[in-house]
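The structure under discussion appears below in the form of structure tokens.
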Amino acid sequence: MDNAGLNDATTTVGELKARALAFARERDWEQFHAPKNLAMALAAEAGELMEHFLWDTPEASREKTAGDATRRARIEEELADVVIYALEFANMTGIDGAAAIERKMALNAAKYPVEKARGRSAKYDEL
Amino acid sequence: MDNAGLNDATTTVGELKARALAFARERDWEQFHAPKNLAMALAAEAGELMEHFLWDTPEASREKTAGDATRRARIEEELADVVIYALEFANMTGIDGAAAIERKMALNAAKYPVEKARGRSAKYDEL
Amino acid sequence: MDNAGLNDATTTVGELKARALAFARERDWEQFHAPKNLAMALAAEAGELMEHFLWDTPEASREKTAGDATRRARIEEELADVVIYALEFANMTGIDGAAAIERKMALNAAKYPVEKARGRSAKYDEL
Amino acid sequence: MDNAGLNDATTTVGELKARALAFARERDWEQFHAPKNLAMALAAEAGELMEHFLWDTPEASREKTAGDATRRARIEEELADVVIYALEFANMTGIDGAAAIERKMALNAAKYPVEKARGRSAKYDEL
């Protein structure tokens, strides 16, 4: 936490996982970090992220995240909380996040072939 | 997607974000990826992740994620879906994920000082 | 379940709670129905309800629920699942649902006075 | 809201729906209450309900809801918020909640026959 300056261009998933794990270990929190509990915490944080947009149109939600710096900082914090729990879930279960994402994106590509899915928001079984 | 072999040790957050963005662009899906919609999709995927653990004790949820490869693969897929939407949320809003996580972990560290939080699961305002 | 014909005009919350409880008891499921687990199950079902509307505008979501009977039946089922878990949560914790709703609506009325809240979607602390 | 004393034994679902609708109409909020938005709000409230139990064992969550009146009042409020949004979802979509629950419980009974499901928490496709 002390060496500021992380950014997406140079930070690996592994570094973020290591930070999340160290944070939990310093507090002796691994005992609480069962997958069930972490999934629940992640979903609760996802709820807090949604709360910023409940009554907005999708278009208005784009403007909201582009504007006002205070609002934007709070939204960033909610997103960070979601991802921190995802990282810790991966830590506790031994999942390699990057590999899992690569594999899932290949599955998604098969479910949503470019030629069928282009410009359409229908679920794969309704395409 | 075709060059397998991503892993957490060498993959940056930026690389994952670029893949998520390319996936959406190929399908002309940016029009649907308003922050409101992505937050909702992320939360819905978090719900699917939770579904694996609804009736388990926390302890049983540890065993479940350690055992059976089929189950484990499905859990990995749900976690990946959550993170893919988080990456795409960051793409659409211009958030730097690693920086946001670093900043939020500093805030969390202030809310949960090691000496007060160690071994305790209480919320910061009840510590 | 066999005597069809429940409807909102004549069915009390207590009758619905009794049915949800009987369903759980017949299956010896009260052992699984801890508040934590029921809250999680409820949230997971809320996720399934959301899945019908992820990429819709709010306006399109109104049309979707007004149209196509098959879609509508599925949406009804997801809403029912949410409420069944809420009823069972009330059963397991001894909460009187109607009283809780009456009390909460009074709190909400204080947070959102008609003259300030009319036609506005802002959260009470931003009104 | 003014005539206190609602309770589950005598309050119909229809009465609760009428109160939720009146609350929204007085504030001219129907314009915001698209199904998409209400599903999102419901899920966000479900997240707040979960927050009370994140790190508890299921057993501890039973004790938590049985004890401390302050905590209990807050949990009741979260549950009420979830159900208020469910009622308003039913209002906006013309769903009869009691009929939907009756129908869904019949479907659930077919998926979870007593003799197969008794004492087991497995999902129907794994029974």
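We call the chains A, B, C and D, going by the order they appear; numbering starts again at 1 in every chain.
Everything that follows uses one rule, which is that a contact is a pair of C-beta atoms (placed from the backbone, for glycine too) under 8 Å apart; a residue touches a chain by one contact, two chains touch by 3 or more.
These numbers were taken from a predicted model, which means no experiment stands behind them.
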*Pair sharing more residue contacts (C-beta pairs) when A-B is set against A-C*: A-B
*Look at interface B-C and say which pair in B-D, A-D or C-D is its repeat, using the rule that over half of the contact pairs are identical by residue number.*
A-D
*asked:* Centroid of chain A to centroid of chain C, CA atoms only: how many Å?
replied: 27
*Just curious, how far off is chain B from chain A if you go by their C-alpha centres, in Å?*
3
*Would you give the residues of chain B that are in contact with at least 2 other chains, written as numbers and ranges?*
32, 36-37, 40, 43-44, 46-47, 50, 53-58, 121
*Which part of chain B faces chain A closely enough to touch in the complex?*
1-2, 4-14, 16-17, 19-20, 23, 26-29, 31-32, 34-37, 39-40, 42-43, 46-47, 49-50, 52-53, 56-62, 64-66, 72, 75-77, 79-84, 86-87, 89-90, 92-109, 112, 114, 117-119, 121
*Which part of chain B faces chain C closely enough to touch in the complex?*
32, 37, 40-41, 43-48, 50-51, 53-55
*List of chain A residues in touch with chain C within their complex*: 36, 40, 43, 47, 54-58, 121
